[in-house]
Structure formats: C-alpha cells, structure tokens
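I am attaching a structure below and will ask some questions about it afterwards.
Chain nomenclature is as follows: A, B, C and D, assigned in order of appearance, with residue numbering initiated at 1 for each chain independently.
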Amino acid sequence: MAESTALDVQGVSKRFGGLLAVDDLSFAVRENEVLGLIGPNGSGKTTVMNLISGLLKPNGGEIFLGDRKISDRPARIIARAGVARTFQLVRILPSLTVLENVIAGAVFGHKRLWGRAVRQFALRQLERVGMGHAVDAPTASLTYIDEKRVELARALASDPRILLLDEWLAGLNPTELQIGIDLISSLREEGRTIILVEHVMDAIRSLCDRCVVMNSGAKIAEGTPEQTLADREVIRAYLGDEHA
Amino acid sequence: MDILITGVLLGATYSLIAMGLTLQYGVARIMNLANGEMLVAGAFGAFWVFTTQKLSPFTSVAFVAPGAFVLNWLIYRFLLRPLVRRAKNRGMLEVDSILATFGMAFAFVGIMLLVFGGEYFTYSYLDEPVAIFGSPFGLNRVVACLVSVALCGLLYLGLNATRTGMALRAVAVDPAAAGLVAIDVPRMSTFAFALGGAVTAVGGIVLSTFLTMDASIGIVFTMKALIIVIMGGVGDVRGAIIASLILGLAETAVASLIDPGLTLAAAYLLFLLVLLFRPEGLFGRRQS
Amino acid sequence: MTRRETVSVAMVAVALAILACLPFLVDGYLLSLAVGIAMYTVLATSWALFSGPTHYISLATAAFYGLGAYVVAAGVDVIPYAVLLGLAGIAGGVVAALVGLATLRLSGVYFVIFTLGLAELVRQIVTWVQNNLTGSRGMYVLTEITERMIFWELLALAAAVYLIGWLVTRSRLGFALRIIGNDEVVAAHVGINSAASKLALFVISGTFAGTVGAVMAPRFTYIEPSIAFSPELSFQVVIMALLGGVHRLWGPLVGVIPFTILWEVIAGRFPTQTVLLLGIAFLLIVYLIPNGVVGRIESAIKLAGRSVKHG
Amino acid sequence: MNRRTALKAVIAAVFAGSLASLAIGAAHAADPIRIGAVAPKTGPLAAGAAVTHWPNIQLWAHQVNEQGGLKMKDGTRRKVEIIEYDDRTNPGETIKAVQRLATQDKVDFILAPYGTGLNLAAAPIFAKYGYPQITSTSITDKTAELTKRYPSIFFTLGTTTALANSVAGILVKLHNEGKIGNKVAMVNVADAFGIELAESARPIFKDAGLEIVFDKSYPLGTQDLSPIVKGAKAANPDAFVAWSYPPDTFGLTAQAKIEGLDTKAFYTAVATAFPVYLAKFGKSVNGVLGAGGVNPDTPAMKAYYAAHKKVTGKDADYWASPVMYATLQVLGQAIEAVGTDRKAVTDYIKNATFKTVMGPWKFTNQSIHDFWTVGQWQNGTFYGVASTGLSGAKPVITKTGW
C-alpha cells in the first residue's frame, strides 16, 4: 500500500464574522486511506469538508492535493482534480431524473464522458448503490435514503481519487447501515481515498484507518479509532467533564 | 460648495422617490414596478388642488396620503398576497411580483389617462430663489429637501423606536423567524406596502412643485427608485438615504465638472460599481 | 439523432418552408403582424435559452437591440447592409460578454435591476457619443429593404435560434445549464464552470438581440434613442417568454403568438383604453396561467394520459 | 363546470374571438368618409400629442360634421368618421396600426402620425398603399430625399436648418442693433431632435459671427437642470439657446429664473409655445423666444383659437397646433375638390393652393417652404417673430429680467 500523502491540510483557519469555525487545523490523508473526521456538533467538521471541496475559501493556511495546492482554487477545479463529495443536507437536482443526476457527475469533472458512454457508466454507478430500479424516476418520488444513494452515485460517477462523505451513513437502519458500510469498504478496495464525517461509531470503528477529532474548530486528537475514542480529551469534548 | 448643495438637494429629491419602495421591497418583498405611477398619482392630486382649488399643493397630503395608503393596502391584500402564498421561494415571488406589478403599472397609466388626460401638468409653486451661502437655489427644492429630511427622520424613528417599527424591521430581516416570535407577518407586510405607497404618493406631491409630469412618466421614477433601493441595500432606510445622496452628489458633480451629457451614464456606472463590489448594497446584510 | 428527433427536425424545416411562403400570400397588416411575431419569437426564444435554465431574468434585451439598430444607422451609408447585420450581432455579443463578465455573479433581483439599468447606460453612452463625437445629424436608415425581406431575415434568424437552441440542449453546455439552474453548488462540485456556461448563453442571446435590432432598423427609417432603447421591449420579451414557458425550446413561441394576437385585438378594439386593458389582460395572465402556456399544455397532456389509463 | 374547465373555456373564447375580430375587421364602407388616426396616447410623446395632435382632430371632425360633412363635387355632403389608434410612442406599433387601417379597416384616408421619428417610420407604409401623408409635426433636413422617395409625403413644419438659421438671424440682428453681445450659451437635449439642431446650429452660429461660449448636452429625463444653467450662467453669455424638449423646457426656464440667468435673449425650443408654459410661468415669460410662433391677429387664426377652446376645452399651442389644423383643412379641401380617390387627392395636394388657418398654402416639392421658425412671448401671446417668408412677423424685443 502506497504511503504517499493524498491530501494535506496545513494550518487552515476559517472565520465567519467573529466566529472562528476552523482554527489552525493540520492533518494529512494518505493514499487509499479512510480517514474519519469526528467531533461534537458544531466543532467545524462540515466546514473542513467545505474547505477541502472548495465551497469555502480558508482565511489562512493551505490545502494540497498531492503536491498541488488547491486551497486557492475554485470548487470546479478541485472537482476536476478528482475530489468528489456528498453533502450533509442532500443536494439532489430536482428537475433532473435520477439517471441525469448521476450523469451530471461524469461529464464535467474528473471523468469527462458524453453520449452513450456516460449513460452506461452512470447506470453502473446507480446499480452499485442499489438504485438500478429507479433510473428514470423523477427525483420527487425518492425517499431520503434513496436521495443519499443517488448523491453518492453522482460522486462516484466522477471516478474520484478522494471522496468526501458528509454524514452519509446518518439515518440508516441497521440493515441499510451494514450495506452502506460494505459499499464504502468496497470503494476503498478500488483504491480510493475517503474522508468521512460521521457520528455513527460502529461505522467509524469498522471503516476508518485513522480519525481526526475536532472540537471548537481545533484538532484535539488524531490516531486510530481505538486510540482516539479512548482519549480523555475526546470523551470530555463529547460528553462533558464528569465523564472524562 | 454649489455642487455640494445642489447635489444634496437632488439627493433629497431622490430619497423622496425611493423611500416608499424601500419599505415595499424591504419588508413586503414586492419589487413594485408600479411605484412610479403611485408617485405620479400623488403629483396629480397636488396639481388638482393647486389649479382648481387654488390651495397650496401641500394641502393635498390630507387626501393623497390616506388615499394612497388605502389603495395600496387593498392592492397588497387582494392582488399581491395570493402571489406571496403561491410562491414556493423568494425567487419565484420576485418574478411573480415583477410581472404582476408591471401589469399594474400599465393599468394605472390607463386609469390616469382616463381620469386626468394625457397632457403635461406643471405649475409654479415656490419657484423663487433663496440664497444659501450666497448662491441661489429654488425654494421648492429646498422645501422638498426639508420634507424629505422630515419624512426620513419620521420613518427612521418610527422603525427604530416603536413596536410596530421593530416588527417591520424583523420582517425585513427574516420573515420566517419573525413569524416564529409571534409577529403577524402578512399584516406587517400589508402595512409596510401600504405605508410605502403613501410615502411615495407624498413624494409625488412634493416633486410636482418643480418637475413636469404626465400620465406616462411613472416608469422614469420607478427606474430611479429601483436603482437607489438596490444600491442602498434592501430594506434599509439609511441605505436608501445614503444612496440617494451619493447619486445626487455624483450626478451634480459630473454635470458641473465633466459633462452634463454624462450624468445619467455616471449614475448607472456608479450603480454598477456598487453592485460589483458590494452586491448586497451599501447597507445590506451579506446573505449567508 | 434518434428517429423522433429526425422527425421533429423535418417538421420544423417544413414549417419554416411554409412560413417562408407567407409573404406571397398575405400582405400589409397581416404581414406586419407576422413580422412582429417573428421578431418576438427570435427575441423571446434566445432570451429563454439563457434565462430558462439559469433563472436569470434579463431586462437587457433592449440594450442589445438598440445597439444593433444603431450600428445599422451609423453605418448604413458606408458599409454593406449584410456586413452591418454581422457587426450588429458582434456588437450585441461583445457587450453581452462584457456585461456578463461583470454581472453574472449577481443573483436574483440584483441581476434584474442591473440589466434594466444597463439598457439605460448603453443608451446614455450611445447618445453621448453621437452628440459629442460622431456628430451625425439624425439617424436615417433609408434603404430599399421591404417588409417581406425583413420577415425572411427574421425567419432565418428564428431558424438559427432554434437550431442553436436544439444543439445547445443536446450538448454538454445545455446539460451544464440545467444543473446550474437546479443548484449552483452542485454544479461547481461536479466540475462545471458556471460563469463561463452562463456567459456563453448570455452572449448568444445578446448576439441574437443585436442582430434583430439591425434587421428591424430599416423598418423604422429614423432611429431615436428613446425608441431604439425602449425598456418596454425588454419587458415584453420577458413576459411573452414566461407566458409561453421557458423550459421548452418551443415554449416562447406559444407565448408570443397568443400574446401578440391578444395585444392586437385590444389595440384595435379599444384604441382609447389600450394601455388600461393591456394591463388588465396582463394581470389576468399572471394570475391565471402561472406556469405558462406550456405548463398548461403539459398538465393537460398528463391529465389526458391519466384518464386514458384509468378509463 | 369546475374552475379549470371554466378557465379553459374563457381562454378559448378569448382567442377565438380575437381571431374572428382580426379576420372580420370592419369592412362595411358606409356613408361617412372614414379617416384613420395613429398617434401616441401613452409613452414619452403622449403628452405632446395630447396638446398638439389629438385636439385638432377632434376640432376638425367636429366642425366638418357640424356643417353636415364635407361638400363633395356632386353636391352631396359626407361626414367624417375618425378611427383612432394609440401607437404607445412605438414605431413598430405605428407601422402596424397604419397597415391595419389600410388593409383591415380599409379607411379612406390616414392622418399623419405624431413627431418626426414616428412619421418617418410610417412613411414607407403610407407610400406603399398610396395614402397621402400630410405631416404637421416632423422637422427634418432630409425633405428633398424623403419627398423623392415617398411621392405622397408632405412636409409643413419646416427644417432643422431653417430653425437654427432663424435663431442665429435673430441673435445677429439683436447684436447688430447693439442690444446684445455676441456670446451664446447653447445646450441641447441628447435625443435625436436636440442633437440634430445643435449640430445644425454650431456652424451657422459661427458663420454668423456668434461666439458659442458654452455648449453642452444633457440626457433626456434629467431631473435637475441646475448644473446646466449654472454652467451657462458662469460662461456669462449674452444669449441662451436651448434645443430642448417639453419637460426640460419647463425645467430650464424655472431654473434660469431661480439662478437669475438674465440674458436679453432667452430661447427654449419645443413646448415654449404651449399654453401651459404661460400658465406655469405667468408674466415672467415675456420676451422668451421659442420654436414656432404664429400670427394670432388674423381673423382666421382668432376664430381657430376660439373654436379650439370651445370644442376641446383646451387652448391650442402657438406653433404646431394651427399647422396640424391646416393639414386637416388641406385634406378636407382636397377631398371636396376631387373625391376620395387617394391618387387624385395626392395629385391635387401637390398642385392646388389651399386656404388654411395659416394663410394660403401651396406645396412645392411636397413641402411648404414658408413657415414660422421663431416665436416670442409678448404680453401673453406667442407671436411669430421670424419665418421663412411669411408676413405678419412682430418685431423681436429683448427680454428684461424674469
């Protein structure tokens, strides 16, 4: 397994008005690694995802994709470089069909297909996430879980090197959760690098190679899931002082 | 100095044009393209009072202001609220209200043609010079400036020091949240729209003392008002006042120092620059 | 091309051929009505190419249109008319590009108001240039171009607009615009350069509006700024397109035709209350046909389909 | 019937009705002579048309019909019926309305539209259907070219060059008499009319020995003209000339009064001759020069002004109003002489001499070459003080303060 760095976050900060949402955060993600980004609500995890995907620009610090600096690039360039993501609040394109939603991922970005080829490719992604039955359905008919699957298929359609999943497993029932976990590990088998923002501890334990724990915008721990979840600081952040 | 005073006088004129729309757009979220017609209607009222009743045009406030208030109340209640209900989001409401009020503007022009006829209406009232720092200025413009200051001051006080004003501002900032704290949003919107209409009509009375108008001229005022409201930042009375002053000063400066032929071009250019560098307007809040 | 597409292209071609014969059949008033319809069809369709998918309401049509008319008026005595048409299109496109670069990041109502102001700005600059630099005395466009020829030119433009529209819908660009219209954040995250895509379409619609202005200039004989840059034109284009429906290529057409006819009937029947009745008719349209004629037609088809299934 | 089907029915009925009415038009050619009129009732030029254009049509039709109609060659009398359209100051609409009148309403005659631009836009259509177009409110220097191109167009109000020439003439005369200096401040509205006049005037003024000390334009719709007037005043001119349009004619005058721009010669162009100008400014307009003018002392003119007031309830203006009325008289007299054959009427207008409120009119090269160019308010009346060959001009006076 390659040990080279896929993504390097160096001293990044993000400020919203008076609020410091991300405070001098640094971590690195190795190639083909699954990194869990965890922490209590409001600790700045989603902001970090947004900074990586280019939705937000950091006020300080830099982010590198391999050796290429991406923190000053717009989202579309970062997407073309091979970073794809899902959103915490699912963003489905409502006036497109399910298949078109997935095709959208494979046309303009890292993968640039068109015509018949893109259709075939998108169909495969849909089947993969278990949505092969609803190809031409209007998006209005989808359940929340189905929407999440379609969104993942769209992210996969760009054949990403780095996949950002923002609480993608949240809200699944135990059976679905297992399917989801299997799906993510199969993605990793393909050699993709994955960053997860997640609250589901089972998923974190079974999927992540390492975890970065955030609180109030800063990194408070980093290491394997076992190490970090046992860390006193982390427990205090999650549960308060009396449990630490 | 001349430029400064002329610019301020012109700016005050502009704020009279724009103040009503600020309320209507800022609080009720209606981009009212029929705003200029309301102004012209107010001016007609003043003209009528002056020419047929031989009274000061300002006495027409007595019936123009309540008339415009009631009329705009009814318009919002019966024509615009259905659109507000129908709209799924703010964008849709904006499109719908632009279309609907455009139709209303046409209808108003038609009604005014029927009622007042198509000629120019202009009269002389207070068009004598007063000296300010040794230079002559039209008394009617100075009066307009004073009225404008008074009106803006009243509005500002009303919005900041009364309960209703607070509610109005809350609706302007966030209608959904305002609803949550038990503010009757539809009622406040209706009130703001009606008040805006009345303010515009009163502005028309004042402007009629020095501008020549006719039934079809409303669109000119609407355009100016739109620019000022957007420039100042939506729903912010202070912003609208500052934007009016800036426009007035800029136009006067360009006319006096560069070339009068470029005044309007300069105004639009300024507007463009503001939009480019502060798209939310001078005093607007950045939308997250 | 699928078979269905081949059929529709053939049908459009036949329809255009039949329409091209129109000037031999009708004349005078009906022809000028047809010219009006053709003009608004080109303007509204090219407008909808941009505004339909992006939801940007542009009121700048009059700016491009007036510019096109002025290009012709300024050059008609020295440059061949055909060249002028091209120049007018380029002028419209270039201004659209400049404006687009500056303003397409504005959203919603800011863009609307800006484009409305733009028509005024262009008009002010054009008249100032005319007044101070070129010094031409009145802008006359005295040519031998007849209404028939204008109709044919417009028809050709309509064919071009439909062709381009069709190509765009099938292309990555068209797909990109649909995504942008749905969600710009997603668009950016799948790698779409939304500014460039929007700009491309804005330039296309500006080019068409400029060319239409140039085509119509000979009809006006005498070009005045207040007439060439009339804001009413921009509004009418928007209204007709929205009335028809902007999500189908043929949507604006089904808005333009009934609207023009309704307008004519009102203008003809009630010459003294035209404006009042136009306003009322317009309000009725906004309140009763909110999704445009296309929306009505499509929901009717859906309804029919459902009743067939159940029946 | 539920709401949706009701709505559909309404829409269907509207469109069916629209098509039907388009197709049928009004084809019955009855006894009255049917005359079409297209001009702005709304839009930027509507207010001007409401002063100069529409009231004269009303007056003329009223007078003709009151007498029982036009007296035809065969001794019968035919009334006139006016069919009006509003072109909303939009040349596309003007063209369409003229065509509608010609091919759908099949009217016997069509009155010329209002204003230079709209008249020229409609000229090809008038020519195409052979309708005489006797313009009363268009001023152009291209008369020669236009009349050659359109054999049935007639011009009556004058040319821009003549207008500029006469203003120069008056200023030079006042200068030579030692009443004013030779420094002129000139401003113009940046619209086709103002630009054209300013362009014409510059060389003419210069050749006449006048020095233009201030020369600026301002956009149509400027709400504050004080910088212009201040600038003009600062140049310390002996005469002030504004090639202005109605709203700014009022604005410039008001501002000049306020700023104390007290030139001995003060000229504003369009709308100076409007009664509302006098009504607005009262006695202080005495001595103001403007475009147009009339000789109001002729019996015909006195009768015209009285009738205008009586029938329409409004005062006629002192420039284009009587000219407009005269064009209607020309049309009426031509119809009385040769009937409703449009070719014959056009030929008759080209050759005959007409008795009009403006005095005898004889067209040469389809134009009237004798017209008033400059008028001046003198004791509550706007007298013609300069013309191209008309008699009855009042001597021009210098203005003494506001």
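Rule of thumb we're sticking to: contacts are C-beta pairs under 8 Å (C-beta built on N, C-alpha and C of every residue); 3 or more make two chains touch, one makes a residue touch a chain.
Given the structure is predicted, the values throughout are model-derived calculations rather than measurements.
Once CA atoms are averaged chain by chain and compared with the all-protein CA average, the nearest chain turns out to be C. Of all chains, the one whose mean C-alpha position sits at the greatest distance from that of subunit A is D. We define each chain's centre as the mean of its Cα atoms; on that basis subunit B and subunit C are separated by 31 Å. Centroid to centroid, with C-alpha atoms defining each point, subunit B and subunit D lie 34 Å apart.
Remark: subunit A and subunit C have CA centroids separated by 43 Å (rounded to whole angstrom). Rounded to a whole number, the gap between the C-alpha centres of subunit A and subunit B is 49 angstrom.
Along subunit D, residues 41-44, 190, 217, 219 each make contact with two or more other chains. Shared interface positions of subunit C, i.e. residues touching 2 or more other chains, are given as 124, 127-128, 131-132, 274-275.
Contact with two or more other chains is made by residues 109-110, 113, 259, 261, 264-265 of subunit B. Under the contact rule stated at the top, the pairs of chains that touch are A-C, B-C, B-D, C-D.
Partner subunit D is touched in their complex by these residues of subunit C: 27-33, 36, 124, 127-128, 130-132, 135-140, 142, 216, 219-227, 230, 232, 258, 261-262, 264-265, 267-269, 271-272, 274-275, 288-289.
Against subunit C, the residues of subunit B that register as touching in their complex are 31, 79, 82, 86, 90-91, 94-96, 98-100, 102-111, 113-114, 219, 223, 226-227, 230, 259, 261-262, 264-265, 268-269, 271-272, 275-276, 279.
Partner subunit B is touched in their complex by these residues of subunit C: 55, 57, 102-103, 105-110, 112-114, 116-118, 120-121, 124-125, 127-128, 131-132, 231, 235, 238-239, 242, 273-280, 282-283, 285-287, 290. Within the complex formed with subunit D, the residues of subunit B that make contact are 2-3, 6, 9-10, 13, 109-110, 113, 117-124, 127-129, 136-138, 210-217, 220, 224, 248, 251-252, 255-256, 259-261, 263-265.
Across the complex, subunit A meets subunit C through its residues 53-55, 74-76, 79-80, 84-85, 87, 91, 93-96, 100, 103-105, 107-110, 114, 154, 158.
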